[in-house]
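One chain, subunit A, links the two complexes that follow: it is found with subunit B in the first and with subunit C in the second.
What follows is the complex of A and B.
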């Protein structure tokens, strides 16, 4: 049965630091699945496919989906699709579930986004192994160093100050004060926030390493109409993009050029003509605060170099016309694959009118984004729209 | 349970082109170069230009590729640059079905699937590749319950074969005979990993995982496959498509913690086959040829029964020897589809073939079985 795909259930576990996490990966995933199934109003036996994400090099198992799945208590022979695309694994989960439902391959898909960072002792050293072997690896580059290239170029191109970069972090931590699933809030002391990590990124602009899991139920719309107690949130646009492997392929580090390409594609699919007018809420995967500016521009919310102005006029805060990262985003909780799927989960709850964070009143259409890979090679975008009253 | 619809025009999927790159010790290609070569050959075979591809699906494992997020290196080489891309961490046939779903959902009209099994161990001999696969397989089992007792893909296969010998479902003589026949059927093909052999040589091969000996296990190899799939008119306008995909199904076998993987190891294959038959509208008796992944000769009969292909003569199953001639790890599923599609192209229009693939990441446990029904054009 080919049908539209809707997000019918969302389950979050709380987020904390890996050192303080008392639950195993399997337990967290089971807990998130239980919450999502209950929210969607479906039973385990209703699920025909489960999609589980991982970042293989960060895991204690190869194809960790195969060790997580048995703990979910699903019926024998349930399809398991392991997806592993680095920082976009989480974003791909819901997108792929939507493709399976639209194709008639599945009717109810459980998407599991596990915690990813509980194992590695030195995360930057692990991340280093995905970078090109000839140049970046010997230089000792990790994600935070790659992440610093972009704001450095952005500052040079547009004359943006350090304070303007830090303002994104402060805004998102204020948002996170209202998010019960946040790991870091505005209680982060300024003396810590100002500590330099990789110029121009200071600690207050850098995501934490978190632990927690998230699950979604993606259902055929005609079934969800009958069984879901929630307003229906349809996935109206879903796509991804890959840039080249080497950092040099980015061409201009002051822009996420490749995201503009993705935005045009996904907006075309969802029928979005004017992004700022047509979208009500954004959740962007921003592990480094200044990326929010670059992504807003690449998603055509404003012109190049204009995003700091949006923040200063309050447009991207709660109550503004294009609220961005009302959850606080990954700057406030980044549990790996779960952190990558969190934007989709938060936008879905916003559109259902059930946000656990500050609600964007009347929000009908939203955008969620994830990114990863060396020098942010990969991106996903998901457009969701409330289709019931 | 999904309520499958009958195939619609939008579901009309074609295997437009394919290629297989067998990797040798002296291939001299870096991983991304090898992926690029395989994908370029598949596109040429399909008569399709790279810019026509809108979806790129990869099947690979980081631990084979010796780097984290290895698809970052290979995606641009697999037509993924500025394209929709995804990596499935599983068998090539599972990746094929994800690509097919992408086309059937209207996400794209033309997709490429690439499956890479190019272990970074310096050599491509069966022993070298199998050693790495067993090592990686150990890491695939649960760290607390299964790894400490030594479970790997091959120990699971050995446990199953021992059980089947114990209960009289198979005989040692038949396992030896069918292994030799499989290897010899494949030896003449250009893709074989094993040379022709004799029954005596099989019987006296070194024990690998009792009761299975080395030649009864899959013939571990290295290789990269690529298939171009096209939907509707995009497929019909290709110069020489290999086959039409009329049915598909997939299911995952029980985890090691359940006992049914041993009592009914072909259960998942059976479910996948039933779904594929239902989708395609074909009956089992209409199948004239099959490619299947019987990981050991102890599995052959019960797998054939589950796939409902017992009626096929031995010559109409695994023409090139199946996994005992060549088993390129997680790329196996794509190789089986390529073999099935090439055979379909040789047959007259309307002829039906069945392709079954199952990963060997954890032997018969937690293994994804994928079944396709292909129609000759």
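What follows is the complex of A and C.
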């Protein structure tokens, strides 16, 4: 019989600003790996495959996955798999680990999500080089400027105010006050938060550049039943989708059209019928606050244009019925590939009942998402479910 | 520095600078599209099978995956669908503030990204009120053209 894949261990290093980070990438990744292996209750020699994430062209290195692997102290026959899909590398790490375990190729996979943003001196300038070179790169856009197109169109379509956009940032920073791995909290001064970066995005709606690493252990469920000290969190749905490469391929900037397709695909796989009723916790990759609304709508949590109402009634805060980004999300810590895998790590710990942030009591099923690429071309989704009593 | 500082010394950081030049081939469709811009002409392609049209021009249809050979010259006018006013740019980019937008060229189905010019940005709220979905714009050509996307200087608000 084919095995299921479960997340059996999670390791977070603390997050800080790249300027204050004293550790090198190798040192950080080793620390995260040690924490994840300890949490999973397995030894380095138990690992048969390591998957390491990368963002091509963002750092002064090439295929950093291969340069990190030798520092992890793994057995010499360990399979090493690099993944480089830009902003979705982190989401793909656990999804690929699950695919390898289900296929019978691997039994215990170590996923390493490194810090990616420690190197660039001006990250928006680096991201601009990632823009479609001939047609759009000369047009003066980094990620934040691409990210600004969507909320502008969303505001116009649904009559959403700037304050309603900022409310997502404020909510997520309140959540981050309880996350020991967050880098920005509600202590962010309002005068800074209000500074306009690219309309309608103000600084308080924009993620920081952070440093930190995260590791996961993904194990065949038949082994984890015997060896894991933690409640079993099964990956019940894992998928990804891509939109067109040019920004101009997004026909309607008021929604993430491809995410709705991704949602239907991954919900079918995981047996989710009514997303708001069946899911207990969401961690969505929201580097720009208003994206949380667009993603909740595309993931079918509510109707189009209705997400600001969910926030206002408290449904998406701790204690609400569909708490979203209890970690604070990327608005409170965005260390590159580690930031992209963080949603999976946080949902897994919520479902184990071991969240380092505010715990969603009794959470049984959760959704984690990551996104990246020019104008958010790529997205991943991961559905997890607690299968232990 | 005292002796105890040796254990808490700040980690060293070295500057690394890469200066690397590349050459990128545009392919047949984009070469023809760019040569059109150089002559102050905007060209798109239209799929004969499903009638979808593309700007920038491409030689296959993304919807039905048929090869496209039907080139159409377009009036360089269109409707703004989404835009942002950039107040914080980046090193090596244009000097802020500036506007980038997605323009639906008349008679086509795809959006062309470009600079939007001719809007007073000194009052951000007033500028945002102008730069809305539905704004009519027309291409302004650059004086020096090199068969590049910047042969269009920007799209300017069309005077009523």
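Note that in this section the second predicted complex is superposed on the first by the 386 of 389 C-alpha atoms of A that agree within 3 Å, B and C clash if a C-alpha of one lies under 4 Å from a C-alpha of the other, contacts with A are read in each partner's own complex, and residues count from 1 in each chain.
The criterion applied here is as follows: contacts are C-beta pairs under 8 Å (C-beta built on N, C-alpha and C of every residue); 3 or more make two chains touch, one makes a residue touch a chain.
In this text the structure is predicted, and so the values were computed from the model without any measurement.
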Which of subunit B and subunit C A:239 touches, first, second, both or neither: first
First, second, both or neither for A:60, with subunit B first and subunit C second: both
Subunit B versus subunit C as contact partner of A:139, first or second or both or neither: second
Subunit B versus subunit C as contact partner of A:250, first or second or both or neither: second
Touched partner set for A:96, first subunit B, second subunit C, both or neither: first
Touched partner set for A:107, first subunit B, second subunit C, both or neither: first
Subunit B or subunit C, by number of subunit A residues touched: B
Partner chain in contact with A:148 - subunit B first, subunit C second, else both or neither: second
Which superposed partner A:273 touches (first subunit B, second subunit C, both, neither): neither
Residues of subunit A contacting subunit B in one complex and subunit C in the other: 60, 133, 244
In the complex, subunit A residues that touch subunit C: 21-24, 60, 119, 121-122, 124-125, 128, 133-136, 138-142, 144-145, 148-150, 152-153, 156-157, 196-201, 244, 246-251, 253
For the subunit C and subunit A complex, residues of the former touching the latter: 10-11, 16, 18, 24, 26, 30, 55-56, 62, 81-94, 98, 100, 102, 109-115, 124, 127-128, 132-133, 148-150
Residue ranges of subunit B in contact with subunit A within the complex: 1-5, 8, 10-11, 32, 56, 61-63, 67-73, 75-76, 80-90, 94, 97-98, 100-107, 136-137, 139-143, 250-255, 257-258, 260, 267-268, 271, 361-362, 366, 368
Interface residues, subunit A side, partner subunit B - complex: 1-2, 48, 54-58, 60-63, 65-67, 69-70, 76-86, 92, 96, 98-107, 126-127, 129-130, 133, 238-245, 258, 261, 372-374, 377-378
